[in-house]
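We call the chains A, B and C, going by the order they appear; numbering starts again at 1 in every chain.
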Amino acid sequence: MMELDLFREYGPALLRGLGVTIFCWIVGTACAMALGFLLALVQRGVSARPVQWILRAYVEFIRGTPFLVQLFVLYYGAPMLGLRLDAMPAGLLGLTIYGSPYFAEIFRAGLNAVPLGQIEAARAMGFAPATILRRIMIPVMLVSALPALVNFSIILTKETVILSMITVPEIMFETQTMMAETFAFAESTLVLALFFWVFVETISRIGRRLERRATHYLLDRS
Amino acid sequence: MFSFQTIIDNLPVLAASARYTLLISGAGCLLGLIFGALICVAAVSRAPAARAFAGLYVSFFRGVPLLIQLLLAFYLLPLVGVNVPALAAAIFTVGLCAAAYISEILRGALNAIPRGQAEAAIAVGLSPRHIWTRILLPQALKISMPALVNELILLVKASSLVTVVGIVEITRMSQAIASATYRPLEIYLTAAFLYLAINLVIAALGRNLERRLAW
Amino acid sequence: MTLAPSLTGTVNPASARLENVCKFYGEFQALKDISLVIPPGKVTCLIGPSGSGKSTLLRCINFLEEYDRGGIWIDDRLIGYESVGGRRMGGRALREMRRDIGMVFQQFNLWPHMTALQNVAEGLERVKGIPRARAHEIAAEALAKVGLGDKTGNHPSRLSGGQQQRVAIARAVAMQPRIMLFDEPTSALDPELVGEVLGVMKQLAAEGMTMVVVTHEMGFAAHVADRVVFMERGELVAQGSPAEIFQNPGDRRLAAFLQGYLERNSLEL
């Protein structure tokens, strides 16, 4: 009875929260990946010392500080610099920045793992550098980088709950709102924990299946 | 205007709160190492029940965000009659969570130890307990040292989440100061650099330790 | 290299008896009904092509490899099972039997986090319960006897392959085993380091240790072994004295194996 009432009252908000969680995860991950790839290309392609230093400092700073503090700087601190963001854009920007150095490292390792001979073969055939990148290096790199990409994307699902701390109305935030009004602290938290457990397990499995499918052709030889 | 004076004024208080950050991450890492070693032994044991337990444990603590785990401990423990201070509950939770990751790190390291290492120990007649404590775990620890140092750095950052259960470590303290001084940018950046400094020191110590462990 | 007069002190060599030993890996039968007597105080060499099952057989003798049928007795005690075809032996009883069986591996398997001395002392302390100071004394003596008295403080990574294998032999001998198993002890060594290891093994043989040696060193088998056993595809094909095996190989497969060995080695020269 009571549970039903609770659900009728808070269900829509929770569902909306779930939607926001998934939205933030997908958009944030995609943007972080894009920025990470860009960073990896710059790191590989631009040898100017100052650029490398700035890049290095950026990576060290982001990897050395908590995501929560980064969000606080962005959401509460940035307005002083004239950058006034709502919670959601701040959260997405935060996810992008936070994830980018990790993705950059994955892409860098993947690009380095492309055998030089394959690049030379393309060069010998007269491919332009951009074509080599697009047609040879990226596809080959993706295969070896895929497990790490999937893995870190899954880690990011869990980081999305931290967005609740800057009032992004994702599922954790909505649950806490509900808890504050109903005092069902333990039950709600437990349900939320179980939900995440199932959610993360499910996407891990999907991720592993995708990996296998994407690298299937590599295994068929022997 | 960016106010350096605010930073200078508040740095001592903020830095002092770092002891809770260090306590939670350090003690959490130590607990995680102990529990993690046990979970790892269970994960590679012959008993199906032990393996299943280890699998569930790792899946749960890696699947549920730490923020939720902390709240769970905070709300659930009193309900089942466990009344411990928030700090102890936080350290315990961080330790349990770290154990899941550390057990996987150790398991990977165990796989990297040649089979002959244990076989030689069996042939000499060492008991299973001694094979673990004298032969396998010391080597696993060495192989996994870089990953363990990395885990400690992750824990330093993760310890910022214990603000939700009210422990005044760096992040919580910076929130308090930021709202009192209306200088969030300076204060949060200071907090960020404090974390960065701690982690750079840990990374340097870790590299030093690795060099010394080279056999 | 000068060796001390005695590696082992006094040996009370054990015998071993194998009866109808079978070993399966799933469908594949790695050992087919092997019966063999290992006489006490003698050197028995197992030879044969790779994949013939000789290492598997050797590893069954201390039950590192669990055989599936038949029985292996050390002196008159069955190893691995309570009775033939019966339950697995308890861990404690198995460890007690293994104390009498020393083993030396192809890859040395020294523990990399311990010095040479600690490698040798570990079993003395933890298995025999000898106090650390005394264990270190015994270990130092054992190392001196294999010509490594000056290397006791070295970690394995600071030793040559031949030195590592001599430490491994010292580790096994220090436990005062009554039978020693050698699993291709020189196969991982550079050719110029083979001699120092074979030298130590010869001395052990001369002191009356029961030795079972899987080897590709036909010279060692011909000159040191008392019995030579030829295996192929999991079967025991021929056995006899070195003279019988090497000078008059009656069996067609044995003759082909020896012919191949001679050709390979003359090519190398």
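Here is the rule we go by: a residue touches a chain if its C-beta (ideal position, glycine included) is under 8 Å from a C-beta of that chain, and two chains touch if they have at least 3 such contacts.
Model, not experiment: these values are computed from the prediction.
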item: Set of chains adjacent to chain A and to chain C; value: B
item: Reference chain A; chain at largest CA-centroid distance; value: C
item: Centre-most chain [mean C-alpha coordinates]; value: B
item: Rounded Å distance between chain A and chain C, as computed from the means of their C-alpha atoms; value: 55
item: Whole-Å separation of chain centres (CA-atom averages), chain B against chain C; value: 45
item: Centre-of-Cα separation between chain B and chain A, whole angstrom; value: 22
item: Residues within chain A bordering two or more other chains; value: none
item: Where chain C touches two or more other chains at once, by residue number; value: none
item: Sites on chain B touched by chain A in the complex; value: 2, 59-60, 62-69, 71-72, 75-76, 79, 153, 156-161, 163-164, 171, 174-175, 178, 184-186, 188-189, 191-193, 195-196, 199-200
item: Touch list for chain B against partner chain C, complex; value: 114, 116-117, 119-128, 130, 134-135, 138-139, 142, 215
item: Chain A to chain B touching residues, read off their complex; value: 60-61, 64-70, 72-73, 76-78, 80-81, 158-159, 161-162, 164-165, 172, 185-186, 189-190, 192-193, 196-201, 204
item: In the complex with chain B, residue positions of chain C that touch it; value: 62, 64, 91, 95-96, 98-99, 101-103, 105, 107, 109-113, 122-123, 126-127, 155-157, 168, 171-172, 175
